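I have placed the structure first, in the form of C-alpha cells, so that the comments after it can refer back to it.
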Amino acid sequence: MLAFSFNDTLLVATVLFSIGLAGVLVRRNMVFMLMSLDIMLNAAALVFVGAGARWHDATGQVMFVLILALAAVETAVGLAIIVCLHARGRPTLDADTGNLLRG
Amino acid sequence: MIGHDIFVPAPLLVVSIGIMVMLAATAWRRSVGRGFLCATGMLLLAITVVGHHTGKVPDGGDSLFVQDRWTACTAILIMFSTLCIMLMSWRDAGVTREDEYPLLLMLGTLGALAMVFSANYMPFFLGLEILGVSIMGLVTFGHRAVPGHEAAMKYLILSGVSSAILLFGIGLAYGVTGSLRFMPPIAAGAVPAALPVAATIMILAGMFFKLSAVPFHMWLPDVMEGAPVPVAAFVAVVSKIAIFSALVRYFGTQNQPPFLDDILCGVIILTIMGGNLMALRQAGFIRLMAYSSIAHMGYLLIAFVCPGRLQSGVVSVYLAAYTVNTLGVFAAMDAFAIPGGPDGRVVAQWKGAFSSRPFLASVMSLMLLSLAGIPPGIGFFAKFGIAAAGVEHQRDLLLCFLIIGSIIGLYYYLNIVRTMMAAPALPSVKLNRQMRPELTVLVIVLSMIVVIGGLFPARAIHPFLPPPVAPSGTGDGATH
Amino acid sequence: MNPLPVLVLLPIMGGGLAWGAGRMWPRASPSMRDASWWVVLATLVVETLVLAMATFSHRAHAGPWPGHFAMPWIPAMGIAVRLDMDGLSLSLIWLSLILCFLCVLLATRQATAHAGAFRFLFLATLTGVIGTFLATDLFVFFFFWELMLVPMAGLIAAWGHEDRQRAAMKFFMFTQGSGLVMLLSILGLVITHYRQTGVLTFDYFTLAHTSLSPTGAMLLMLGFFIAFAVKLPVVPVHVWLPDAHTQAPTAASVLLAGILLKTGGYGMIRFNVMLFPDAAARFAPIAMGLGVAGILYGAWLSSAQDDVKRLIAYSSISHMGFVLLGIFAGSRMGMLGAVMQMLAHGLGTAALFLIAGAIQDRLHTRDMHRIGGLWAAMPRLSSAGLFFAMAALGMPGLGNFTGEFLVLLATWRISPLLATLAATGLVLAAIYALRMVNRIFLAAPQADTRPVTDLPSWQMAVFACVMAFLVLLGLYPQPFMIFSAPLPLPATAMAGPGGTTP
Amino acid sequence: MAEILLPLLVLCPLAASLVVFISAGRMGARAIGTVACAGVGISAVLSIILSVMLLSGPVAGGLQVTLWPWMRVAGLSADIAFTLDRISMVMVLVVTIVGLLIHVYAAGYMRDDPGIARFFGCMTLFVAAMLVLVLASDLLCLFIGWEGVGLCSYLLIGFWYDDPANTSAARKAFYMTRMGDVALLCGLLLLACATGSLRIGSVLASVADGRLPASGVNVAAAFILVGALAKSAQIPFQAWLPDAMAGPTPTSALIHAATMVTAGVYLIARVHDLFAMAAPVMALTAVLGALTLLMGACTALVQSDLKRILAWSTISQLGYMFLALGCGVWQAALFHLMTHAFFKALLFLTAGAVIMRAGHEQDIFRLGGLRRAMPGLTAAFVAGASALAGLPLVTAGFYSKEMILSGVWHVHFGLAREWTLSGHPLWGIALLGAFLTALYIFRCVFIVFCGKAGTRAAGRTSRLMGIPLVCLSVLSLFGGVIEMPDTLPSLHLFSALLDPGTPLSHADEPVWLVLAGALAPLAGLGVAWVLWGRPSPVMREIPGQAGVIRPARTGRGMDVLYDRVFVQPFRLLAWLTRLDIPGHAITGTGRLTRAASAGILGVRAGLLDMLAMRATGTARWAGHLPGLFQNGRVRWYAAWIAGGLCAGLAMAVLS
Amino acid sequence: MHALALLAACVTVVGAIMVITRRVAVHAVLYLVVTLLALATVLVMLGASFAAMLEIIIYAGAIMVLFVFVIMMLNLGQPDSAREKEWLRPRAWLGPGVLATIVCAELLYCTSPLSGAAPVPAAITVHDVGADLFGRYVLVVELVSYLLLAGLVSAFYIGRNRAGGR
C-alpha cells in the first residue's frame, strides 16, 4: 500500500497548502476562512506523516495527533468567536467590514 | 519510565500544577480572588524554583526540554511579567471579573515557559499554541466586547495561518533531518540544499509572526488595542520574551546560515522603520506602544544577528529593559484609568497629567524615556549594548537604521511627555483618583528597577548574563 | 573621601532633598524664600567646599591627572566609573558652580509653580554637566552626556515661555540624535582597541593609544565631532539653539548658554583633538571654516533679532565660533584662547540672560521694540546690561577679548584670511551689542512703561562679582590660563607647535 | 617711585570714575564734579612730577613699569606695562592738563544735567583709558585704551539718549572706529605673529632687524594706518566726527578735538620706525592727510553749525598731522597735536559757553553780534581762532604749522626704485589749507561776534567755566614758542625734547617759505574780512545749510570769484561729503544688516529650519502610513504574511 | 505512483479547491469532508493507518460536525449565498491567486529535485505511535491537554458571554 514517496507527499501537501492559503486570502466569510485554515493545517500534517514514513519514525504521526488537537482547538475557539460576533451585530460574517481596530 | 525520573524543569511543573489547583478550586467554588491568589502564589513558587528540575538531565539530544541560565533568565522574566500583570488586573476595572481570567493567564504563562524550555519542536509548537489560544481568550475580557472579539478573531485567523506556515516548515525540517530537535535543519544525505532553506524560512516566518517583525506585524496593534490594558501588556511582553528566547535558542550563538543574512537585515530594517514610522501619528496610546514594541523587536533582532561575545548579555539585558519599561508603561496606564473617567488608552487623555497626576506622569515619563534609551533608565544601557554588538560586527547599515529609528522613536515618546506637560484642557472633573495600592507598589517597584538597573547595570543584570545555549563557547565565561 | 564622586552626586541628592522640601513645606508667600531654596543653596555651598578641596588638596593616587577616582561599574564590558580631573575640567566646573549660584540667587524665583521640582531638575542638570566634565570612561561620559539632556529639556518644556515644548523637543532631538552618532564612534573606538589588544575597556587613557588607520580615525573623529558640533553649536546644526535659549526659563537659559554649550567645546578638546590628533589636524581646515562661518552668521543674525533672548542666543553662536576656531587652530595658544573664551562667554552670556530674564519678569516682554529706554527707570540693571554687552562685543580688558585675541592670533598663524574674516565678526558684534544697548537701555523711555523696580543692591553686588571676574579674566588671565589648560595625555606628546609649556 | 606713580597716574581717574559710577544717585552734582576733577587733577600733578623725573633722568629711554604679565603663551607674551618716555610724556601732559581744564569747565557746564554722574563717570573713565593708551608699552595694552576711549566716546556722544539721532550718531562713531580697530587688531596679529611679542620696543627692534619681510612691514603699517585713520576721522572715515558733536560740548572738546581723535597720530608717532620702513604707506598717509585737510577746510567753510565747523576744522587739522606723519616729521605732528589740543579745546569750550548762553542756538547765522554781550568769550574765541589760523608769531598754531610746512617742503618719497614723489605739491595743498583755515574760522568769528545782533544772550559764564578758558587762551597763544623755525631764532626745544639725538633742523630753508606760511593765514583773514567782516557783508544772506549755497548772484565781482574758486569745487566736495558714502554705509549697516539678515532669516526659515521641519514633515507623512497599511482587514494582513513568506523564500532560494 | 494514490491525491486537491470556491457553506463543509476522506486515503497509503483513522473520526467526524452545527446555528441562507457570489468575483481572486501560486511554485521549486532516490517508506503501526506517545512524548501529551484546556476555557468564556453584551 505504500504508494507515496516523500516527494509525492510534499507535492500534494504543497498544493494543498497553497490552496488553503489562497482560500484564507480570498474568502471574506469567516467560516470559509476557518475551513481554509483547516486545509492548511492538514497540508502540514500530511508533511509530517510523509516525513515520518520516510524516516520510519512514529514521531511524524505523533505530530499529526498534535496538529489534530490544534485544529480542533482553533476551530472550536474560532467558531465560538464567530457565533459571538454574529450575535453582536455582524450578520454577514464578513471579515472585512465593520472593523473597529485599524490605523 | 513514567515517573519521577522524567526531566521536567521545575517552573513548568509548578505552573501546570498551579493550573490544576486553580481548576480544582474553581470546581469547588468559583471565586476570582482565590484564582488570582492561587495563581500569584504558584508563580512566586515557580520563580523560586527556577533552575531546579525533576529527573535527571538527559545527556543526549533527544530531550524535549533543556535548562540552563538562559532559560532561567527568560523564565524569570516571563513569570515576573505575569506576576506584574496579575497584580495589574487584580482589581482592574477594565477586565471582566471572571475566574477564567487568571486561569488563562496561567495557561499563557505555561505556554510561554514551554517555549522557553523547549529543546524540541513539539513542546515549542505546543507552547506557542497554548500561549496563542490563551491570548485569544484573554483579549475578549474587556468590557468593550466587539473590539475584543474582533481582535480575537483577527488573531485567530492570522495565527492560524502563521501556525500552518510554521508547521509546514517544521514538517519540511523533519523530513530533511528526521529529527525534531529544535535547531535549524541541516541537510542530511542526498537531500538538496533548497529544502532545509525553505524549511528554515517558513519556521522563521512563523516565529517572526509571533515576534511581529514587519511584514508579519499587523496583528499586534489591532490585538493590543482590542484587549484590556493588562492583556495588552501580556501580549506585548510575555509572548515576545518567549518567542525571542526560543529564537535565540534556535540559532544558538553560532552565526546564522549565510542565506539568512540578507533576509534578516531586510526584516530588521523594515521592522525598525515600519514600527517607528507607524507609531508616529498614533493617537491611541496602546497602539503606539504596539508599534513601538514592534520597533523594539527590530532593535533586538540587531543583537540577534550579531552573535558572539556580547550577544547573550545584550539580548537578555534588552529583553529585561523592554519588559520592565513596557510593564511600567502599561501599569501607569492602568493606574491612570478612573472608573467613569478617562481610561488612559488615548494619548490625548494624558494632557496635563503632570499637573493633575504628577506621580503617574513622572513614572510614565521615566518609562518612556527609558524606552527611548535615555539615561538613567535601564533602556539606555540596553540600547548601548545593542549598538555595541552592532559595532562589533560592523553592521553599519543596521546601525544607521538603529539611529534613525531611535530618533523617530524619541520624537513620539517625547510627544507623549510633551502632551503630559501641556496645560490641561479642561478643569478636571472631580473623580476618585485613589490609586489601587497594589498598583502603586507595582509602579514604584518597576520604576526602581528601571533606575537601579540603569545606574548599576552590572549588579542588576548579573544573573542575566548567561551563555544562552549549552556551554560550548569558551569566550562566554568572561561575560560574568 | 575622594571629592570627585561627591562632586558628581551631591547636586542631584541635594536636588532630591530640595524637591522633598518643596513638597513638604511649600512656599507661604511669593516673596519668601522657601525651604527648598535654602536646601539648594546649602547644596551649592557644600559643593563649592568640596570643589575647593578638590582644587587645593593633592592626594596621592594612581591617575595621571591631579584628581582621580575609579570604581568598577560593569566589569564585564570593561566599564568603570573613572573620573579624572585636570585644569580644564576643574575650571569648567568652577564656572558651572558660579553660574549655579547666580541662578539660585538671581533667577530661580521666576519658577513659581512646583519650585521644588524645578530645583531638582536644575541640580540634576548640574550633576550631568559635572559628570560630563569629569568622566574619563567613555561610557560614563556618554552616560552623563545623555543624562544632562533630560532635566534640561524638562526645565524648558515645563517652565519655559510660549513655545516651550517645541523648543524642548527640538533641543532634545538634536542633541540626542547626534549623541547616538557619538555612541557609535565610542563603540567603534573601543572595539578597534579590543581587536588590537584583546582588552575591552572604555578607559580614555588606554584608548588614546589605539592605533587607527587614517580613514578610521577620521570617521570616529567625525562621529564625536557631530555630537559636539550640535552642542557647541556649529552653524549648520545650530537650529535648536535659538529656540531653546529663547523659550527656556531664565535659569535654564543661563545653564544652557553658560555651561551646556561648553560641554561641546570641552568634548572637542578632550576627545576630538586629544584622542585623534592627526585626524583633527586633517579636519582642521573644515572645522575652522565652520567656525568662521559661525562667527559671521551668528553675529549677522543676531543683529537682526528683535527678541532680546534670541539676540543673545545668536551672539552665543558667534562666540562659540571662536571656540571652534581656537580648538582646531592646532596650537596650544588657540586651545587656551578657546578655553578662555568659554569661561568668559559663560559668565558674560549668563549675566546677559539673567538681565534679559529680569527685564522679562518686570515688563513681561522680550521684544526690544516694546522695552525701550530702561536707563532712567533702572540704572543699575541697565549699567550691568551695558557692561555685559561690552563684554560680548569683545572689549579689550574683559574676558572675551583675551579669548578672542588668542584664538585670532593662533588662527593668523594658520591662515591670515580666516583670521581677518573672524575679526570682521567683531564689527558685527559691535552692531548687535550696541543695537541691544540702544534699544533697551540707552533709549528714549517708552511712553507706556509702567513703573518698575530696579535691581536691589544685593543683586547688583552679585552682578558686580561677575563683572569683577570678567575684568580679572580680561586683565589678568595668566593664572587661569595656567590653571585651566587641558593637561596632555600621559606618555604621549601633545602634538602642536605650542609644545607643552604652560 | 615711578613704579608707584605711573600706575597711580592711570588709577586716579579710574578710581574717580568708579566712585562716581557706584555712587550714582547718592552724590550731589558738586560732589561729583569735585571727585572727577580731583581724580584728573591728581593725575595732572602726577604727570608733571613724572615729567620732571623723566627729564631729570638719563636722556635715552624712559620710565618703565611692568605691572603684571597679561598673556604668556608660547608664541606670545604680552604684559600690562607702562612706559613713560618723551613721546608719551608730551601726550600725558596734554591729556591730563587739558583734561583737567575741561573737567573743571564741565563741572560748571553740566551742573544742572540730571545725568551728571554718568557724564563724569564716562569722562574720567575716558581719561583713564586715554592714559592707558598713551602710556602702554605694549601694543596690545595700548589696544585696551584704544577700545576704551572708543567706548567712552560712544557713551558720551549718545549721552542725551532721548534723541534717537544722538544714539545713532554714537553708534555710527563706534561702528566706524570699530572697523579701524579691527584693522589695527589685524596689524597687531601680524606683528605678534612675526615677532612673538607686542612690546613696542621689541616690535620695532624686530622690524629693524629685518625679521619681517618688506611686504609684511607694509601690510602691518597699512593695517595700523587704517586703524589710525578711523580713530582720527581721516578720509575715508571722516564722516563720524561731525555727527559726534551730538555729545555735550566738553566731550567734544576733550574727546573729539583734543585727545581721542589724536590717538591715531600718537599711534603712528609711536611706531614711526615701522612706518619709516614702509615708504608707500608713508606716502599714502601724507596724501590722505593732505586730502583730508583740504576737504575738511572746504567743508568747514560752508557749514553753518558752529560745532560742526569746529568738527570739520578738527578733521582738517588732523589732516595736517597726518601729512606731517606721512612726511616723516612726526615731531611736527606731535607739536601740532599739542598746540591743536590747546586751541581747539579752547574753541570748543568757548563755543559751548557761547551756545549755552545763546539759548542752545548753534547756527552761526542766527547768532551774531555777540561781541558786546560777551566780550570775554569773544576774546577767548578770537585767541583760539588766531591760533587755529596760525597768525604769525603771536600764536602757538603758527609755529606748529610752520614746522609741518617746512617738513613737508623737504620731503621726498622713494616709492619704488625710480618713482619718487616730491613734497612740494603737498606743501602747496597745506599752504592752501592754511589760507582756508583762516578764511573759515574768521568767517565764523565775524558772523558770530560781529555784525547785527542775533539771539539774545542770557546769564553769564560762571567762573568755573571761565578759568579754564583763560588758561587755554594763554596756552594757545604762547604754547608754541618752544619750537621756532630756523629763520626765526632757531629754537628747537620741542624736537630736542622728543628726539634728543637728531635735532630737526633745515639750515638751507629759504626764507620765503616761512613768509609764505605766515602770509597765507593773513590773506585768509583779509578775505574773510572782505567777505563777512564789513558792515554789509557780501555773503551774509547765504543760507548756510551745508553745501546748499544758492547759485552766486551775478554783478558782484567778488561773488563770482568766490563762486568759481570756492563754491563750485566746494559744492562738489560738499556734495560728496554730504552724500557721506562711507558714513551712510556704516549707519546703514545696521539697517542694511537688518534687511539682509531679515532676508537670511527668510532663507533660514526656508533652508535650515525648513529642512528640519521638512524632516518632521516627512516623518509625519510617514505617519499616515497606518491608514494605508493598517486598514483592519484580516485578509490584507494575511496577504502581507503570505507576501513576506513569498519574498523570504524567493530571497533565500533564488539567491 | 499507484493509481489509487493518484486518484486520492487528485480528489484531495480538487476537493480543497471546491471548498474554497463554494458559495454555500454547507456545500463547502461537505467538500471538506470529501477532502479529508481522500487525505485519509493518502495517509493510509503512506503507511499511517492510525493517522488515517484519526483523520476520519476526529476531523471528518467531530470537527466537521462542529462546522455544520455552527452553520445551522447562524442560519446562513440565500442572501448569504448571493453575497458570497458578489465577493467572489474574478478580480478578487487575482491577488490571492497570484500570491498562493508563487508560494506554491517556490515550495515546489524547493522540493522538486527531491524526486530521486528516496528511502522506501514503511508502515508505522498504532503500536509504534502509542509507544512513542506515552513513552518519550508523554510530556507532550500533557501539554496537549493544556492546549485543549486553554481552548476549552477560551471557547467556554467567549461562548458564555455571547448573549451578555455588557
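Labels A, B, C, D and E are assigned to the chains in the order they are written; within every chain, residues are numbered from 1.
The definition used in the following text is that a contact is a pair of C-beta atoms (placed from the backbone, for glycine too) under 8 Å apart; a residue touches a chain by one contact, two chains touch by 3 or more.
Quick caveat, the model's predicted, so the values are computed rather than measured.
Number of steps on the shortest path from chain A to chain C, with steps defined by chain touch: 2.
Chains that touch both chain B and chain E: A, D. Shared contact partners of chain C and chain E, listed by label, are B, D. With centres taken as mean CA coordinates, the chain nearest to the overall protein centre is C.
Which two chains touch most often is answered by the contact tally, and the pair is A-E. Of all chains, the one whose Cα centroid sits at the greatest distance from that of chain B is D. Taking the mean Cα position of each chain as its centre, D sits at the greatest distance from chain A.
The distance from the centre of chain A to the centre of chain B, with each centre set as the mean of the Cα atoms, comes to 26 Å. As a whole-number value, the distance joining the C-alpha centres of chain A and chain E reads 5 Å. In whole angstrom, the spacing between the mean C-alpha positions of chain D and chain E is 103.
Centre-to-centre, using mean CA coordinates, chain A is 97 Å away from chain D.
Shared interface positions of chain E, defined as residues touching 2 or more other chains, are 95-96, 99-100, 103, 106-107, 109-111, 114, 137, 140, 144, 147, 150-151, 154-155, 158, 161, 165. Of all residues in chain A, those touching 2 or more other chains are 6, 10, 17, 20-21, 24-28, 33-34, 45-46, 50, 52, 54-55, 57, 59-60, 62, 66, 70, 73-74, 77, 81-82, 84, 88, 95, 99-103, listed in ascending order. Multi-chain contact residues of chain C (touching two or more other chains) are absent. Here the touching chains pair up as A-B, A-D, A-E, B-C, B-D, B-E, C-D, D-E.
Across the complex, chain B meets chain C through its residues 310, 313, 354, 369, 372, 374-376, 380-381, 384, 387-388, 390-392, 399, 402-403, 406-407, 410-411, 414-415, 417-418, 421-422, 456-458, 465, 478-480.
Across the complex, chain A is touched by residues 1-2, 4-5, 9, 12-13, 16-17, 19-20, 22, 25, 28-29, 32, 35-36, 39, 42-48, 50-51, 54-55, 58-59, 62-63, 66-67, 70-71, 73-74, 76, 80, 83-84, 87-88, 92-93, 95-97, 99-101, 103-104, 107-108, 111, 114-115, 118-124, 128-129, 131-133, 137, 140, 144, 147-148, 150-152, 154-155, 158-159, 161-163, 165 of chain E.
On the side of chain E, the complex with chain B involves touching residues 106-107, 109-111, 113-114, 116-117, 134-140, 142-144, 146-147, 149-151, 153-158, 161, 164-166. Across the complex, chain E is touched by residues 1-2, 6, 8, 16, 19, 23, 62, 64-65, 96, 98, 100, 103-104, 107-108, 110-111, 114, 122-123, 126-127, 129-130, 133-134, 136-137, 140-141, 143, 145, 149, 152, 172, 190-192, 194-195, 197-198 of chain B.
Across the complex, chain B is touched by residues 616, 619-620, 622-626, 629-630, 632, 634, 636-638, 640-645, 647-649, 651-653, 655 of chain D.
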